[in-house]
Structure formats: C-alpha cells, structure tokens
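A short worksheet on the structure shown next.
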Amino acid sequence: MKKLFTRFQEIVLLVSGWFTSIMVLLIVFFLFKEGIKIFGKKPVEEGFVMAVHPNNLVNSISPGMCKDIFDGKIENWERLGGRSYPIELATLEDIGSLYTEEEIGSEMEHLDSCFNDYINKHEGALISLPKSAVSSSFKGKIISVKKISLNSFIRGIEWFPTSKPVAQFGILPLITGTLLVSLGAILFALPLGLACAIYMAEITNKRTRSFMKPIVELLAGIPSVVYGFFGLVVIVPLIQKVFHLDVGETALSGSIILGIMALPTIITISEDALRNVPVSMREASIALGATKWQTISKVLIPYSLNGITTAIALGIGRAIGETMAVLMVTGNAGNLTLSYLKPIRTIPATIAAELGEAPAGGMHYQALFTLGCVLFVFTLAINIYINFVTKRRRM
Amino acid sequence: MKRILIALLAVVTLANAQNVKIKGSDTVLPLAQKEAEAYNKKGVGKVSVTGGGSGVGIACLIDGSTDIASSSRKIKMDEKLKLQDAGKKFKEVIIAKDALSIIVNPSNTVSQLTREQIEGIFTGKITNWKDVGGSDMKIVVYSRESSSGTYEFFKEFVMAKKNYTSAALNMPATGAVVQSVSQTKGAIGYVGLAYDNNGVKQLKVSYDKGKTYIMPSMATAKNKTYPIIRPLYLYYNTKDETRIKPFLDFCLSKEGQAIVEKTGYVPLD
Amino acid sequence: MDAKRKQQVVFTAIKTMSFLVVAILVIILGFIFINGIQVISWDFLTKMPEDGMLKGGIFPAIVGTVCLIFGSMLFAFPIGVLSGIYMNEYLKEGPIKQFIRLMTDNLAGIPSIVFGLFGMAFFVNKLGFGDSILAGSLTLAILAIPVIIRTTEEALRSVDKTYREASYALGATKLHTIKKVILPIAFPNILTGFILSVGRVSGETAPILFTVAAYFLPKLPQSIMEQVMALPYHLYVMATSGTDIEKARPLAYGTALVLIFIVLICNLAANIIRNRYTKTKK
C-alpha cells in the first residue's frame, strides 16, 4: 500500500515535470490550427463572390487592385488588362436602392434576377454579390480573387482586415513596426543597462549594490500597463514638444518605454555574466599592470560577451512581445515607415486592439491568430539562439 | 468592513433576482450601463453590463453566454449565418441613435467641412489644412481601431466606403481620440456626441456640397438636420423574449429615452 | 597616467548612467505616487464605481484581481513546485532534461498577448469556460509556472549536498528525503518565487483581455464562471476610454498607485524573506 502511494506520488511528479512541454505543444497546436486557416482563402467577405459582365476580358483580380478600385484609384478596366470601360461598382446595398422592393421580393427571392439585370445593362460592372444570388441563369462572369499566400501575407504592405468587399491582409508594416521599436528599445537600454551592470559588478561597494539590486527588481515588477500609462501622460507629450512633432505617439516614445522595461533583463543577466568571469583572469590582468578600466574593457567584457549577447536577445524578446505599453504610446498607424518620429503599429498591439471586435471564427479572427504565430516564431527563434549560445559557453 | 458585508449581502440577494446579461459594443456601454442602473433600482430584475466589443457580444450571443448583444453596427452576414447554424433566431432592436461629430484642435481656424472634404482628409488625398481653407499645417488623422463599429460606420457613411489612409493613427478607444486631438495642433478625429468635448472644437458639416453647414448638437440631431447619425442595436434570442422584454420596454419607454438623451445619445422619435 | 585619467572619465560616466537608471525608477514611482495619493481614500478602495466610472471607487477591480491571484496560484504553485522537484531531483542530465528545460524557457519567453490568444482559443472557446475567472486564472497560471519552476530549481540546487547524504545514510527513501529534509530547507527561497509571481500575475493585462476582464460590472462575482473587473485592465480603460478622460485621470492615477503598491509589497516581502534566510544559513 505504501509502495503504491509512493509510486503515485512519483507519477504526479513526472506529469508535473512534463507540464510545460505539454503546454508549449498545446499553445503551438491551437495557435497554428487557427492561424493556418487563413492561407489559401480568398479575402472576399464570407458568402460573397465577385462578378463582371460576360464580355469582360479580366478573369482574376488581386486583393490590392480590388481595394484600389473601391477607393477610386483605379477607374478603368484598361488598367487591369481589359477593354476600356469605366468601372461601375455595385454591392448588395446598391442593388437594394436601385431596384424597388417589389422587384427584389419580400424575402429577397428575386435578388438573382436583379443582379442579372444589372450586369446585363452595365458592361463595365464589377459587382459583389451573395453566393445565394448566383443561380444557373446568372449571366455574369464570376472572377476569381487571388488567394492569400504566405508570401502575400508577409510582404503585403496594407493591413485593412475589415475592408469590404475584399480585405487586405499584409503584415509587412506591422513587422517593421515591431522590429523598429524593439531595436530602438535595445539601443536605448543597452548602454544604460551595461553601464549599470558594470557599476554594480565591478566598481561600487557591496552596500550600494545591495541598494541597487532591489531597485532593478522593482523596475522589472512594475506592470506594463503602468508603464504605458506613464508613457501616455509623460513621454508622449514630452516627445511632441522636444522634437516639435505633429504627433507625440511615435516609435520613439514606444522605444523609450520598452527600453526602460528591458533594462532589468539586461542589467541582471550582464551582471551575472561579469561576475562569472574567473578571478584568475582578473588577477592576471591587474598583475600585468592594467588599470581597472583596462581590465574591464579588455578582459571582462570580451570574456562575458556571450552572456551580454544573451541579455540583448532576451531584452529584444521582451520588447517584441510587449503589448499594453506599446498599444498606449505608439499611435497604432499601420504605415510602412522606418522613421522613429512617426506613429507605427506593432503585432501585439494589433492583436490586443482588434481581437475583441473581430467576429469569432472569421477571416479577421484567423489572421490575428496568424499574427500570434508570427510572434511565437520570433520569440522561439530568440530562445533557440540563447540556448545555442549558453550551450557553447558551457562547452 | 461594514461596507464589505453590505456588498456581500447585496450579492446574495442579487443571486435570487432574475438576471439579464448584456454584452458587446463599447460605444453602447455607457448608455446600457445607465439604463441598467435605473432599471435595477426598480427591483423587477437585474441587468448586468459588460463591454468587449460588438464582435465579442454577438459571438457570445451565438454561443449563448449572453442574453443581449449590444452592437454599434448592424449584424454581419457571416454572423447571421453562424446564428442560423446554431439554430437560433434573433431579433433586432434599435434603442437609440448616436451622432458623430468631427473634431479638431481648438487652435485650428477651420470651422466647417463638406462631406467630400472629410472624405479627402480621411482617405489621405488632402494632407494639408490650407487645402480646406485653414493655415499651412499638416493634417494628422485620428481614427478608431479598424474593428470597431464606429470605424466601419464612418467609412461607409462619410467616406463613401473608401478606405482610411495608412497614416491614420488608430486609437483603441474614443476617449483616447478626444485626448489626442486636444493635444495635437493639426489633428482631426470623430467622436460620438456623448463624449465630452472640452479641449476640442466641433466642426460644422455639409452634406449638400457646401450649401448648408450644420453644427452637431442634440437639437440638430433630433430634428434630423445633422447628417452623421447612426442607430445603436441590441440583439437577442427570440427564445428569451419574455425574460428580456421588460428591460427592452423600459429602454424604449419615455423614462428610458430620457436617460438616452441625458447620457448624450439621440433618443428615438 | 593617461590610462588612469581615462579610467576616471569612464567611471564617472558609468556611475552617472547607473544613477540615471535609479532616477528613472524614482521619477516613475514619484510621479504616480504624487498624483495618485490624492484620490486614495477608504471610499476609493471599498466603493463601487459610479456615474459611468467617473466617481466612486475601484472595489470590484480589487476583488477581481485578488480572485485572479488566488485562482492562478492555486494551479501554478503546486504544478510549478512539483515540476521543479522533478527537474532537479529526478531527472539526470541528458537530452530529456535539456528538452524540458528548453520548453520551460520557451514558455517563459512567449509574449503575454499570445497567452491571451491561447486562453481565448482553448479555455474560453474549446473547453467552453467562457469569459470567466476560471479561464483567466488558468491563462495566468501558465504564464506564472515557468517563474515558479525556475526559482524552485534554484532553491533546491542551493541545498547543501551533505543534507541529502545524511538523510540517505539514515536509510530514508528519496521521496522521504525530499519531503522531510530538502523541501523545508529550500522552502523560503521557493516562497520568494511564489511571491514574485503573485506580483507579476497581478499586473498582467494582455492575457486577461479576452479571457476574463470586464469593463464594468455592477456586482461582485458569485462564482468562478463569471467575469470580473481587474486592476490592470481597469487602469487601461480609465486611461483610454470612457466619456471624459480628463475627469477620469485622477481615478487612473489612483488605480496605478494601488497596482504599484501591490508589486512593491510583493518585492519587499520577497526581499525580507531572502535576507532573513541567507542570514540564518550562515
């Protein structure tokens, strides 16, 4: 009996031990299961198709072109390789206002003939109609919209997930935005953090160190939403004033806040790395007549370079995934820019801001999960890199 | 300590009353919250309100975790299909209307715009205030998040369905739009009439190519001269009608509509 | 003497930068404290929000956050500690241990918004918990587990080898040794990890956005299947939405101060325990 109990306890331990691995796999499974669905789909509103006049030469259309047409930037079929006709747009609502209620029918049972009528009369027509209105007698030509591919998803420069009738799922501006703030954060945090680590590990006495250590820990403990709030009420107006900008919600504001948030990671890990340098190395350097700074810059830093790169990588990892603070201070404008003085939009902020309003299970919802996958891949790559570096150091 | 006890007691009594849950649009939230507060005081039933967004509300109606979904946009085709798949019939009630006003920084000399000009500004065709009669200053466009009902309504109704410029700053909530516009000289944005307009300037709007310009206000919204106005919806499962009806009747009653006006929304006529 | 000169300059720069880091913290804390302390009162802490959240207090948000802390720790603490024990005491160095460690590190590195996505897809939708304390707590628990595992492992590793050997020499089994000898010694350090993860859990916003947090609730939660308000989400809401941001500002400062206060207490407690423990060990 007692043996059985012991065995039971050991099994509990075993299961707990594997818990994190199971969780990671579950997260991967659910994230990718939902996120992968977006690929191969046509970014057309669900239940709708696009159609043109039967004589139209155009057979397929890309989502980007479609948006330009609806935005009034493309006005003639010639631009799409068709005959020169002005494009005439019609959606379900337009049909509803063009035809009387009698013609459409009380339960929209004659909708198909209305669409048929419209497309016959307009040679330049481009219509978006519900699939249910496409009957066997439908005269118009249904054109295909290009499917979403990994390529178009990652390299597309426009993110209009709710645009109708064709949505735009291009995440390049979100990726550059995310990388831009993260890089800025590290550029801000690295000099400060490294200086602080050197100071704590090599220069100051034990008492100052024991005073600074809890401060760094506290800096790590402050919730991100508090940082965001601080950024919103202090940093954003400050940036606007200092640089005489039109808007203060910029990549720079985000970088500064994220930099402060990345500081504790960088300080703690670099300090550990510096402390782990064998005493013999230090002594040898001092014995050769080097000053303390020469020892630090020529011996200690090169020796702990691996640890410092780990710190940088972890700092970037934290910055890439940070959500609330960024959401509150960067302005969330999805434009493709490399300027620090312009508003940008990051991947985590996009998920946080849009998931609540996206209809569950729809294409927009799936696209947000795909963004989650992208984020996961980023952080996974960073972790694997760190693992690789630390292993090399052990060897 | 006493207060905690009272709160706990209230919790116990609450559990017995009939509960109705409203969930959804953050635009409808302040209104639904006040209607619920007033209705709960009557002691007939208890209504609790949570936000999350129009999409979340309708998703919850589909899976049955809310009784009423509030929405600042009409239910979408695919959401209708999902409700059908779940074997649920729903009804739609309009409880109030919301007028959107166009706001700019108080230092801006422009005081009126036509719909076409607004479209140009929000699509990114017009980028400087001097093109619409103001001083030489870059226009900073503030918009709501792309998934919010307000964003879609504005796009369909004011921008002739054209898309926003990529340079637009998307704020997570309307309050943030007001805040930013009041801080930013060249800013333009849109907010519901219910929001406090201290620190920003409302613009007159023309929907007839500049013949008449109308100032947004409760009066012009009520007499229908102000054009940018939209309905706010509640959706519910027809199965629960008997349980929900008293609250809906309250909202549509004179008393309920008075609350609508007091909260800053436009009452139905 | 040039090198000495240079060292002096560099060290001054380093010292300045280090104190800049301290200054940043002091500025942030001071700013929130000065603006927030004015609204903190007994009423603010124990009253319901009123008048479209422009007046009244933050009581339901405090209750909600306490619920989430309890809920998440109920799951995270046992699993984390057991996992740490398994890793340090049972598994030998090798590919399996490396794999589990890699996975734990990965879990720790996953951005909090991804936990939110997962929580929504798995707990809320798949398991059908809906937006509830249960779903929110579980999501937060997964986030806290790697932290607890790591501190547990470190705590166990720092237990002197002689204790183990003495116990085995007396004929105790492995499990018995762990339970009766090693855990009691390592306990204070494990507790530190626990307290720090409480601090972390209480401040997370992104994971609870779509799993539990409510904008406004007129009542306190009655079961674990209900939504609650939570302090971090409340702060976010107060800072960005609402019909009158200027009027809500003081309340936002107050909420931020309460949040920081929780974190401060957690850090302080963790430090006290750590210090006392290291002293007695000597």
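Every chain is named by a letter (A, B and C) in the order it is written, and numbering of its residues begins at 1.
Just so we're on the same page, a contact is a pair of C-beta atoms (placed from the backbone, for glycine too) under 8 Å apart; a residue touches a chain by one contact, two chains touch by 3 or more.
Owing to the predicted nature of the structure, the values given are computational and were not obtained by experimental measurement.
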item	value
Chain separated most widely from subunit A, comparing mean CA positions	B
Leader among chain pairs (count of C-beta contacts)	A-C
Centre distance in Å when subunit B and subunit C are each reduced to the mean of their C-alpha atoms	36
Centroid distance [mean C-alpha coordinates] between subunit C and subunit A, Å	24
Whole-Å gap separating subunit A and subunit B, where each centre is the average of the chain's CA atoms	28
Touching two or more other chains - residues of subunit A	328, 352, 356, 360
For subunit C, residues that touch 2 or more chains besides their own	125, 210, 240
Junction residues of subunit B - those touching two or more other chains	52, 56, 171-172
Subunit B to subunit A touching residues, read off their complex	52-56, 58-59, 62, 76-79, 81-82, 123, 138, 140, 145-149, 151-152, 161-164, 166-172, 180, 183-187
For the subunit A and subunit B complex, residues of the former touching the latter	45-48, 67, 70-72, 130, 158-164, 173, 237, 240, 246-249, 327-328, 331-336, 343, 345, 352-354, 356-362, 364
Residues of subunit C touching subunit A in the complex	3-4, 6-7, 10-11, 13-15, 17-18, 20-22, 24-25, 28, 31-32, 78-79, 82-83, 85-87, 90-91, 99-100, 102-107, 109-118, 120-122, 125-126, 142, 145-146, 149, 173, 175, 196, 199-200, 202-206, 209-210, 232-233, 235-236, 239-240, 249, 252, 256, 259-260, 263-264, 266-267, 271
Complex interface listing, subunit B residues touching subunit C	3-4, 7-8, 10-11, 14-15, 26, 29-30, 33-34, 36-37, 40, 46, 48-52, 56, 60, 63, 65, 171-176, 178-179, 194-196, 198-199, 263-264
Residue ranges of subunit A touching subunit C (in the complex, touch as defined)	6, 9-10, 12-14, 16-21, 23-24, 26-27, 30-31, 34, 191-193, 195-196, 198-200, 203-204, 212, 214-219, 221-230, 232-234, 260, 263, 267, 291-294, 314, 317, 320-324, 328, 348, 351-352, 355-356, 360, 368-369, 372, 375-376, 379-380, 382-384, 386-387
